[in-house]
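Structure below; questions to follow.
Labels run A, B, C and D following the written order; every chain starts at residue 1.
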Amino acid sequence: MSDSVVFNRRDFLKLVGIGVAGAAAGCAKPPAEKLIPYLNAPEDILPGVAYFYSSTCRECPVGCGIVVKTREARAIKIEGNPEHPIGMGGLCARGQAGLQGLYDPDRVKSPMMKQGNAWKAVTWDEAITTVTAKLAEAKGKVLLVTGNETGSFRSLAGEFVAGAGGQHVMYEPFAYESVRAANAKTFGIGSVPRYDIGAARCVVSFGADFLETFAAPTNQARGFAAMRTKHDDGAGHFVAVEPRLSLTGANADEWVAVRPGGEMALALGMAHVILAEGLGSGVDAGLVSAFTPEAVANSTDVPAETIQRLARMFAKHRPSLAIAGGIATQSAEGTALVAAVNLLNFVVGNIGATVKFDRPLSFDGVASFAQFKTHIDAMAAGDVGLMFVHGANPAYATPKWAGFAAAAAKVPFKVSFTGVLDETAELCDLILPSTHALESWGDAESAGGVHSLQQASMRPVTVFNARPVGDVLIALGKAAGFGAAWPDAYFDYLKARWQPLHARYGAGRDFETFWLDVVKKGGVWEDAATPAVRWTGAPAFAAPQYTGTGDFSLLIAPSSHLYDGRGANKPWLQETPDMTAKAVWGSWAEIHPETAAKLGVKNGDALEVATDAGKAQLPAYLYAGIRKDVVAVSLGQGHTAFGRYAKDRGVNALDFVAQATDAASGALAYQGSKARLAKGTKAMPLYLQQAEKDQHDREIAQVIPVAALLAGAVGVGHAAEGHAVEGAHGAAKFPGHYPAGFGVHEPAEAMTRPGKFTEPLARPDSFQTPAHAITAYESKEKARSPRQNPVDVGSYKHAKHRWAMSIDLNTCTGCAACVVACYAENNIPVVGPELIKKGREMAWIRIDRFEEKLAPGANDVRFVPMMCQHCGDAPCEMVCPVYATYHNPEGLNAQIYNRCVGTRYCSNNCPYKVRAFNWFDYAAPEKTTFAFPEPLNWQLNPDVTVRSKGVMEKCTMCIQRILDGKGHAKDEKRELTDGEFTTACAQSCPTQAITFGDLADPEAQVHLKSFGERRYWVFEDLHTKPGVTYLQKIQRDSMSEGHA
Amino acid sequence: MLNKLLDGLLNPPPPKFHGVMGIWYYVDDAADAVKMLREAGHKNLNVFSPVPHHEIEHALEQGPSLVRWVTAVGGFLGATGGFALCYYSISSWPLVIGGKELFSLPPFTVIGYESMILIAGLSNLLGMLALARLPQLKQVAPYDPRFQEDRIGIWVPCDAATAARLESMMKGHGAEEVQVHA
Amino acid sequence: MKKTFAIVLVLVTLVAASVAFTQSFGVQMGDKKGPTQPIAYSHETHAGKLQMDCRYCHYGASKSAWVNIPAVSTCMGCHKIALTDKPEIIKLTAYYDRGEPIPWVKVHYLPDHVKFNHKRHVLAEIACQTCHGPVQEMAVVYQYSSLKMGWCVSCHRDNLDNPKFPATMDCLACHH
Amino acid sequence: MSTTVKNLAMDGVNDVADRPLDQKTLNSDVMSMISLPGKVWWTIFILDLVVLGVALALVRNLIVHGWGVSGFMRPVMWAVDITNFVFWVGIAHCGTLVSAVLFLFRSHFRRAVYRLAEAMTVFGVLTAAMFPAIHTGRPWFDYWLFPYPNQRQLWTNVRSPLEWDVFAVNTYLTVSSIFFLVGLIPDVAACRDRAKHPIMKLLYTVISFGWTGANYQWKHFYGAYLFFAALATPLVFSVHSVVSWDFAMAQTPGWHSTLFAPYFVAGAIFSGVGMVIFLLVIVRKAYNMQHIVTIDHMEKLAKLVLLTSCMVGYSYLTEFFMAWYGPNKAERDVFWFRATGHYWWAFWIMFSCNVVFPMLLWMKSFRRNMTALLVLSIFVNIGMWFERFVIIVTSLTRSLNPANWFYYKISITECALIAGSFAWFFMFFLIFLRVLPSFSIAEIKETLPMPKRRGH
């Protein structure tokens, strides 16, 4: 194959000085290549061997534990650290994409000084001396702005501003002020609690996007999965109370389309019912006497009986959990809302059971918007002489009326430590590029008692002349003469800071061993004591306030991929579709189809959104999952700087936010602005990655009604003859190519025990090897005969495994972490919006969103992770004229790029349409379609060929990982054990919905799941015998107080 | 220059012939003449005509062409070749595709069938060229362009002695014109 | 005239065909000359005369998919003291002192879409010489085998039923 | 146009008007076409080359930058490329049918038209064969599709319908070309004898293999010709069946149908005869060949069109019936989409051109009206091109998984491919008209009364 070598290995070989057989371009002999060996051979690093370093993710304020995979001393993949209590091995899309922040081609190459409007490169020494001088001038008027810092850096910053005379302020666009304020008010604990969703038996979310951005999404997703698998006695019910069905809400059984701002009244109404009916107690009923269901019904558009039903369900299925946070609480009455929900939780005794303060997220000390505003005012007033910015982008992440830009202009000298030229850096006078988190040491207290260490997993990328910001601060301090006490390197400062922790958790180890253990493990964590929680009174519950005029309420949600906009410079995140609209690379306004009809707007037409704060035009996305009087825009786009991938895409939703804050907490009121809509004039493209969201009865995403599931053997039994289980549409259809009654097991006691279905099912006595499993059990002569077993002949005689996958639709939340993981693992090119819109996406795994029912009430949105199904009887294989795709002895559907001629017949014959074709040369640096501009190509996985123009590609079930795992087993002369390696998607899945393994091993998890209940095969009637088995989503009857 | 060269190539000096060439217009006369000449012992005569005439063929007592056998053999070889290719290509590196049988007749038949036609066609061509002595590089008899239009020529190679007698015989059988090459 | 022409034509075609055919089978017609290296390092001396184990320097061979080219420090391990007066060693020491790696010239070529795993083959007790040829006799190392696919496959084919180390003919083993 | 011709190749041949034929004038009349072309011909030819040049430029673009320059995407990974391929293979089929099948049936009207039809066949296959070649993602590796011993020890997948195509199409190209050339031998010999210009003479001398018309030559000529016909006949049917299996063997709804082989063969003959009529109407008029290709001949062809049109129409209806009657929802959706969906216009163009308009041929007056036939034949070919477009594009657009339903939009590249394919075809055809006898002298002669002294 004449594929050009994108990642020119020699480049990084120079970096780490390793010599290996370099890559030759195609079969022609290239001009003599130089091999650059080590100067001094390090003992630990061998070329061609992967090394893993545990560290801490810094892509959002939470700080999950991660493991960084490095090859030849380059970080090439980020995975969740299974030992870490927050991430628990899962990692969200944003965390995975951290890698692209590291290799961002637009990173600042060296310190830069602003001259007029141009940037001029300066040396570090010049820069340091300049700043030192400024420090002297601005004595006492120094302002250090950072993002949420919870570890040693926070104290260093503190000491720094103390020395320099000034203040350190931490700004986060989503600091959950109202949650903290409300908890302080109601419980006397001013922090963000841990929501133990796994412990709850039913959940009501009051506009909390807890699966996307709120608090610790990966952690909550894991708990959510556990909660959702419960279905005995009506458990596992999830109700979303929000005006617009978010991705989190899409997972709900019921959508309560409350009037914007009505969430609080609804919570209190539920509390009223509970107290009135004596289902709960603990607070004075007088608090909520005003909120009778009828009264609430008027103010929320939610029928009284619904309120009563929800209240009863909530009280009945204890421990239950009501979550207020994220979207809904970012409003003028956010604090009151959280307080109301706290009250609701308190009366049914959820506090301490599902709402826990043992490991509160560390947001303490993060400035509220109001506090930050005072700093802005100070700047405007000229009270700031010197400003440092690190890890925050206020110029973008504050509304225009906050006047940050203007205020910054008043500051004589501004220094930015940013890695990329973002909006704030553009305002600064000096850029001191800081190394990326993956290149630098640090630590964080992710949550109470969870001390995570951030290990530098590689030497700083040589292309950029950057320094760890800690080192720079220390250097500055020393130069300015107040940092004498500090060690020279931030690393030593950090290490010193861990001494007290050693004292506490050392357990007799001397510091060095303790330190090594910490570095290996990624930190230390204790089970912090659970504080006693009392009810300390509620704030006043006032009616919602709206600012501005207009017939519509504007709803602004943080993007699940770009968060507050800090992900916008990462092509993976831009290319991964937003799971609500399935749109990419831009922003859009979601409105209800009927509203659109009134306005005469069609899908993708321009729509003008106007608030008192500002107006802009966006493409409209017609979404039935939103109230008719609401328009929703998500944050994250509309950057005016921040690199080629972020700049000039879409609209910054903050421009719409009217001037209002939550008095009680000082939070910025993202919600509550009134908006006016009109048909737009200029056409703006809406890049949809999936246009059709109706599955046309193709039964791709199937559900099984709880009733049928509880009916258990009966249902499965006659389903085995191929009948549909009675029940809702798209209910279980059981495959014909498995014997009747196959996989049936005793349901009796299984149904009564919660969590049963998170555990492997017992292998039934009626077990028979599935037709398409590699038959390790079958007798030789039988196995040899093609007629008997088509997948074990000729060169296949040593076949032992049948790699397969099982995907549980019940726990898949559509977060798309797997998609990004796959991009990272398999060198998949990013092709950009135009091609995506054309239907030329290259993703190997995508998540299809099917909207069965999208209206207030019972809710049915289904997410199907769709990748190559590795069919036993693959339609694609038989049509390839050159054997470029064929069936491998271990049951994989192989795709050999270098044999592929590109007839594209395989894709035409693929029922699942999961094969991606290289329409252009994404791998050729000289072409405009080049997808890996230096140094993005450093991230490429050396174990995976970078595909060239004109070849077909698709999911390989991470064959490189399989071979690697088998290699290890061979080295240790042992058999493979189940789960010792897995695919990138399965590894990253926060809810563990994806299981990978050997189907031929009757004890393997994947086997038990694939032949347990709820299993089905997509397009099973085509008899493709897929290697990917789906487990039906459990469909609950949401209209009966959660009863099944 | 080029033209001269071509002329040299295309119009070589006519070779020397020994025999009699009679030219007929009427088909039945020509047929009779052929019969007569053959009875007179001139079995090695050649007939030239713009289209084949049954009368003349009959008079010449021609049997069916042998081409058919060549074609048959070609077809047989082609078919076996096709099937052999299928069998060998799969057995040399057995790759399972779509869970299908490695060796199955239906696909092989398609390949075998097409190869049969191909080889049969080629051998049919070669057979014809060989038997009809094409391409004919040197003339066997004095040639006349009218043979491609509407005249029929009968060529009897003979020595000068018999030439005179043949001429009269031909004239007697309605030959428009008789050329004697001696 | 015509005859001779025809004969010549036939002969030419035959020759052309046979050349193409043999070429297509990757038969070695190649030169036995390797590139000139920045330092005239002789495997003949080290692996041949001195009987050094290949893996003394190329220790990665049995541990990793890729083999390492020895670091300058590895060379200096001996040559700090051994033959320090020899011109080539002086060159070597110069590199070492300059803290500069030696730009060895690549000898063996594999396209990027072939994922050859040294470790697996070395652990399968295949002598280095099987593929790299009699390195211990090479003053200048050259590419001994064609390293073309057919060459790999023939060996794998022969060892399909190897009781100890069965080879595979699964394309995915090398192409992924 | 041939009135203004300064005649080079022939001597004493002037413009021919309608007049009774005899053996000698037949030669002259047919060969009168072989002459230095006039202005009209040259204009057409130059225009043709210009179009072809532009098309080739875009094809080069295609190969350099990849198929991304086209409008293709998932799920529609085939569209105009394969549409053209099937269309031209279809066109090609009629020639062999007319010459071979009708030869076996001893139906004499073929003699007048088969030479032109065969020429069309050969050029049609030449055009068609280009598309599988350039439609691949990496055309420079196309030779991998042929089974040949190579150092990788790899072979082709003989179980793939696409591989059957490779065998079928190449066999068809070879056999039909041979058939064409062999049939030419006697006529070219006649040309040779009249040719004056040395280059022409050389050409004819080579092609005619030194044919003299000797009895032993005629004997084996017809012996072989019979077998060519006998071989070509099953070949015609097999080749287009194989082409149809490219679709039928896949399980894409709208493709996966046992009906396809006969349906495609009928369609092929339909479009082929349509093209023959198109060419004949023009040629016989432009070169005054009405006395050689008579109205009766044309009418017989028209009847063939009518017959195949009915077969095609029947197939359409059957397809829809099966979709409606069968259990497969996806299939039903596809066919409903075809008639009413995004590409409804394509479907209705196809249906009206292939089924509705040809019904006019039931009228004898229509069949014998050359202008009418000309127009109809154009419609037929448009319709048949859209038939393949509809089959390929609509089926793929409505693939099984709705999650990636995207609509295919044709791009300038594909337009160039379409225009280019016609330019390529007519380039060959125009040259053929002026260089080789477009009507079989020998065979037509056989139909003339033979001069006999003893009356008839």
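As a working rule, a contact is a pair of C-beta atoms (placed from the backbone, for glycine too) under 8 Å apart; a residue touches a chain by one contact, two chains touch by 3 or more.
Source: prediction; values computed, not measured.
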{"item": "Chain pair with the higher count of C-beta pairs in contact (A-B, C-D)", "value": "A-B"}
{"item": "Centroid comparison with subunit A (C-alpha atoms), farthest chain", "value": "B"}
{"item": "Intercentroid distance (Cα basis), subunit D paired with subunit A, Å", "value": "57"}
{"item": "Approximate Å spacing (C-alpha centroids) for the pair subunit A, subunit B", "value": "80"}
{"item": "Rounded Å distance, subunit A centre to subunit C centre (Cα mean)", "value": "46"}
{"item": "For subunit C, residues that touch 2 or more chains besides their own", "value": "169"}
{"item": "Multi-chain contact sites of subunit D, meaning residues that touch two or more partners", "value": "153-157, 159-160, 163"}
{"item": "Contacts with two or more other chains, residues of subunit B listed in rising order", "value": "93, 95, 97, 100, 137"}
{"item": "Residue ranges of subunit D in contact with subunit B within the complex", "value": "22-24, 27, 147, 153-160, 163-164, 167-168, 170-171, 174-175, 178-179, 182, 185-186, 189-190, 193-194, 198-199, 201-202, 205, 209-224, 227-228, 231-232, 234-235, 238, 242, 441-442, 445-446, 450-454"}
{"item": "Subunit A-touching residues of subunit B, taken from the complex the two chains share", "value": "91, 93-103"}
{"item": "Of all residues in subunit A, those that touch subunit C in their complex", "value": "1, 3, 5, 17-27, 29-30, 32-41, 46-49, 795, 797-798, 883, 886, 888-890, 892, 894, 896-899, 943-946, 956, 959-960, 963, 967, 970-971"}
{"item": "Subunit A residues touching subunit D - in the complex, by the definition given at the top", "value": "2, 690-692, 694-698, 700, 835, 838-841, 846, 848-850, 864, 866, 875, 878-883, 899-905, 907-909, 911-913, 915-921, 927, 929, 948-952, 1019, 1022"}
{"item": "Subunit C residues touching subunit D - in the complex, by the definition given at the top", "value": "21, 23-26, 146, 148-151, 153-154, 157"}
